[in-house]
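Heads up, the next two complexes both have chain A, just with different partners, chain B and then chain C.
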Partner chain A sequence: MSTSGSPSAAQPRNRTDQRAEVLLGALACAVLVLIAFMIVFVFVKAWPSFADNGLAWFGAGGNVDEQMQNIFNSPADPSDYVYTMHAWPLLYATALITGISVLLATAISLLSAIFIVEFAPVFMQRLLRPVIRLLAAVPSVVYGLIGILVLVPFFGNHVISDGEKESVRYVIQLDGTSVLVGVLVLTVMITPIMVAITTDALRSVPRTWTEGAAALGVNRFRALRTVGIRAARPAIVAAGVLATARALGEAIMLSMVSGSVGFAPNPLDGVTFLFEPARTLAATVVDNSEGLSVKPFGQTIYAFAAILLISSAFLSFAGWVARSSMRKYTLQAR
Partner chain B sequence: MKNRLRRVGLLSALALVAAAPATVPAVAVAKPTITMSGSTTVAPLAALLARKYLKVCDHCVNFKLLQGGSDIGVADVAAGRVTIGNSSRDPKPSDPGGLVFNKIAHDALCLVSNKANPIAGLDQAGVQAIFGGSVRSWSGVPGAAQTGTIDVFSRTPASGTQDAFQKIFMGSSKMFSGASQKGSNGLVEQSVASDPGGIGYVSLAFTKNVHTIPYKGVDCTLRNAKSGQYGGVRNLYMVTRGAPTGATAKWINWITHSKAASKVIATQWVPLN
Partner chain C sequence: MSTHVQVPPPPPAQPLGIPGSESSWSRGDRLGVAAAWGAGILLCLVAAAIVLYMLSRGLQYLSLEMLVSHPLPSLDQSQSGGFFDPIEGTLILTVLGTAIAVPLGVGIAVWLSEYARPAWLARAVESGVEIVAGTPSIVLAIFGLLVFQQSVFGFLSFTADGNAVFGRSFFTAGAMMSLIALPLIVGSTREALQAIPAHVREASYALGKDRISTIRRVLLPASRRGIGTGITLGMGRIVGDTAIVVVLLGASLQIEPENGTPIWGLLKGTGSTLTTYVYNNSPAGEGGAPQKAYAAAFVLLLIVIALNFAVDLIARGKEPQWTR
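And now, the complex of A and B:
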């Protein structure tokens, strides 16, 4: 065994250390094997759905729910399995709800982190930190329950007008489960973790850097904007990636509040657009997991899972690229 | 030496953890165990029946009851993970071969609307118009107290209740594609209860907070379902792989033939005879 990697290469190595090293290495490798196995498993399961549809799988056309119903009611003979699936409304809903929530959450979390680090009095800082950690740890079902018992009926009965309901009633029903409620609850869910990470990053910017800026005569907010935030950018990107991953994978809450119809909300409808329901990929998987025993249906569900898996892998990669290109402006420590 | 001892300790601890799941069936060998999974509609009925059965036969078996939905039950029993799969839907052509659907009871499927909108009744054409999406406004429904748009709540395609509704009420006509699909009876009840313009369908046991709509002039009640007057009645099954044998056969036979079981079923469901 080579000892060149160890910092104490000159001394004979402790056997306990060696054993710990092997054990930890084995664990790390096991995680890699597990991930590889998971990816292969999901893709093997999902393959018939992709192979049958080709690129049309990602396109629009027809009604997703009807297609799922047909897949579910496939004949018993494997050669007659129905696989037709045009998943565009689900992909669009996922991108729409995740995108808007992450944008909102980034803005809110950045501003509140600045407030907590730079402007809040000490007692408030002491109060806010545990509260934010608590918020970040609330299980998503709890948010889902609040959404479905309070927000959805409120929007359905008081915010959405009869005129708006009537304007689209032959296409879709506006019952309160909507993109807007989904985005609101999701934003509340992912903001705390972003605030926590951003706060820590801003705090670890060396005091001397902002003091240097202040010595040049700029005010606190400007110093923070031009020096502090710039130095903390990699951490902010990391927070964004983490939040996006959570938003992408959020299933239960969204299946409860954002509507259970495979519908692509139309931005041309104006404000009504926000009141239209949409179902994300993860919510679709949860809603339909009952049907896994029907083989082609199960394979279609696995295809949704495969798309989620790819998006989160791509997300981590994009985050890594963004961070490494920003690193030259900042501390090397992280 | 000390390290080796520690390692042995760790290994034996691991072995214990690994053996733990294996020891559970070993302990149960003394008595036969009947495991069930599947339909959320059948689960409360199965639990009540099992409690009674244990009293009657003096704890002659062990029961384990899981839920998950009709299709989970069918898949589990086909794969041999459970002895009985509970199902609230009829057999389908795509089901795995070799399964036996043992009918144990009937269940009424009720049409429900909000309490603020007590509709006096619907016939099949009315149901098809509303749930098919051709009538989208309450002003087009005779007897509705509500005006404005109809909010239709249906179930996900994998649900046994959805399957039964399509067969009994809709026939060959299609569901409205804009309807909101919910994952369970409880969610449909909650949605209709909180939306004055809502309409949906649930199992009879889930009608406390909503108005039940008479179908073809007959109220959706236990009595009407038992007498056979109410049209929206479906079957509940316990599915086995091959014909039931041993303790399982005794148990299913007790459900379908004994007076005590009929009495338990008749509290909220409809016995076979």
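And now, the complex of A and C:
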């Protein structure tokens, strides 16, 4: 792409120019320094929480909210700080909500990208562009507001039956703030990013490739599915990574909509399990940001942030690996 | 008459496939097409529902008075004022965040596209920007709190008696906000720079200009629109972000400047923005004033839509035509 990366022979060099290069390079390195700082700072701050619990930190056991309460109320003497934390319900809720919404969003975005590229009438194509831009631009707090004022009461009063409420009465109260509402709103939030990237990628698949498939007697849908989508795989992976990162980090909307109880929804409850509340890591951090100044509590919260930081960094790395392994027979993802 | 051959109507928008091959549609494929239509229509319906719902609620609850009156601490909704301060807060934070992000972002993009030496460093910076883009804003927020509570940064926010730095102010929130706008600015500036053909640079070198003057006089002016798009997208992100404001702006109802010089004191002070106003007045916050939340969310949505419109306007502008 860039033809200017290497210096050409004709190019004059002087002092000012070299100074500018160093200055701009330093600016760029500042980003790396910042990231290093971020990782070191957050981990150093989070370390006591991890060190005190060991691997049990990631395990299940006890009530997370009670544990957090105990940490918050720990004695003032540093040697008596309480750190006991078994964060499994939060980790599980994060994985559950993120996973389901990314799967849903992938399906919807692939279908709508195929629709936009191949099947949509011109007016629908024109309509969908601003629609997707709009859906991507709506702030998460607005999604959260609609979720908590419209969807949550609707699900609480009309969708979740009394029988379902009764069936888990001794464990958890169902009031509409649920995994399901969280997943639905989150899917709406991340789908547009994926649609935009996938559509771009499908458009840039050379026409001759899909035409070649069509010439073999395959219909339009199958040509797109077998050739177009396959050629666009790196971009689809990139879109998935971006969407997952957004879903992982979504704090405000989920803290409004999916309930602020550190509860691990039990799949054994059947469909009801989707109606049970759950709180993700990011939502936990936002909900408890007031307590950061209490030392052991703050360290626990930073431990949650450290997990988020690691997962999002790992995610970009995994996306990069997946893309480069697919690069051989597919379009280049930018 | 009999020689007249009936010409089939031209296929609309050149569909793929051999004419007559439509019989190869299996049931699964038909289902797939139906699902594709369904997905497209679903997206339109969701967007329409959100816009219409917010429009009706906004028009129902918004009044001019809310826009110009200060929020007041009161449980009675008729006494709790409007959201002039949050609007002001959003404005200050957006300007501040953008002001920090633009020089950084443009500088990084220029370095990545024009210098990028050594190559490994360029690769690292590139993935660094990607990691910043992927970091959840709530993580950035509490990282910011950690950094700005160090006593070195005491001059940026309120310092309590025991030398404890509060760490929450427009400065600190703006600095972290600039990080969420940064990747967007880097991305679109870089794209614009790379779209300029090499011979334009070579023409400038041939006139005896060095690299940096070429960048300043030729490349940056030519990529103005890309930079503009990046800035506007970045502003959209800043306006819509809640997590950083919740953690780093102190969430005081009204804007509370620190003592001292007027503007500096304001930036050192705490406040709130439209997003936190909506959050705190929703059932999730303590306020419990859904009407005010709806009204503020409507204003927020209008701002975001206006920014999107601005992106379109910028993109529609006249593109420099390079002869190839």
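Structure notes:
Here, the second predicted complex is superposed on the first by the 309 of 334 C-alpha atoms of A that agree within 3 Å, B and C clash if a C-alpha of one lies under 4 Å from a C-alpha of the other, contacts with A are read in each partner's own complex, and residues count from 1 in each chain.
Criterion: a residue touches a chain if its C-beta (ideal position, glycine included) is under 8 Å from a C-beta of that chain, and two chains touch if they have at least 3 such contacts.
These figures come from a predicted structure and were not determined experimentally.
Applying the stated clash criterion after superposition on chain A shows that chain B and chain C collide.
Contact with neither chain B nor chain C is seen for A:300 once the two complexes are overlaid on the shared chain.
Annotation for chain A, partner touching more residues between chain B and chain C: C. In the superposed model, A:27 lies in contact with chain C only, and not with chain B.
In the superposition on chain A, A:170 makes contact with chain B only, not with chain C.
Residue contacts after overlaying the shared chain place A:65 against chain B, while chain C stays out of touching range. After overlaying the two complexes on the shared chain, residue contacts for A:157 are found with chain B alone; chain C is out of touch.
When the two complexes are overlaid on their common chain A, residue A:101 makes contact with neither chain B nor chain C. After overlaying the two complexes on the shared chain, residue contacts for A:178 are found with neither chain B nor chain C. Judged by the touch definition given at the top, the superposed model places A:144 against chain C, while chain B stays out of reach. Of the two partner chains placed by superposition, only chain B is touched by A:76; chain C is not. When the two complexes are superposed via chain A, 62-70 is the only one of 8-16, 62-70, 98-106 or 134-142 in chain B with C-alpha atoms clashing against chain C. Overlap of the chain B and chain C interfaces on chain A comprises residues 16, 148-149, 255-256, 260, 286, 289, 292.
If you check the complex, the residues on chain B that touch chain A are 3, 68-72, 74-75, 78, 92-96, 133, 136-137, 147-153, 156-159, 174, 177-183, 187, 190-191, 194-198. Here chain C touches chain A in the complex through residues 13, 15-18, 21-22, 24-25, 29, 32-33, 35-40, 42-44, 46-47, 50-51, 53-54, 104, 107-108, 110-117, 119, 121-122, 124-125, 127-143, 145-147, 179, 182, 193-194, 197-198, 201-202, 205-206, 208-212, 215, 236, 239-243, 246-247, 275, 278-279, 282-284, 290, 293-294, 297, 300-301, 304-305, 307-308, going by the rule given at the top. Interface residues of chain A facing chain C in the complex, by the touch rule stated above, are 1-5, 8, 10-14, 16-17, 20-21, 23-25, 27-32, 34-35, 37-38, 41-42, 45, 108-109, 111-112, 114-116, 118-120, 122, 124, 127-128, 130-135, 137-142, 144-146, 148-150, 188, 191-192, 195, 210-211, 213-215, 217-225, 241-242, 245, 248-252, 255-256, 260, 282, 285-286, 289, 292, 301-302, 305, 308-309, 312-313, 315-316, 320. On chain A, the positions that touch chain B within their shared complex are 16, 63, 65-66, 68-69, 72-76, 148-149, 152-153, 156-157, 162, 165-166, 169-177, 255-256, 259-261, 263, 277, 286-295, 297.
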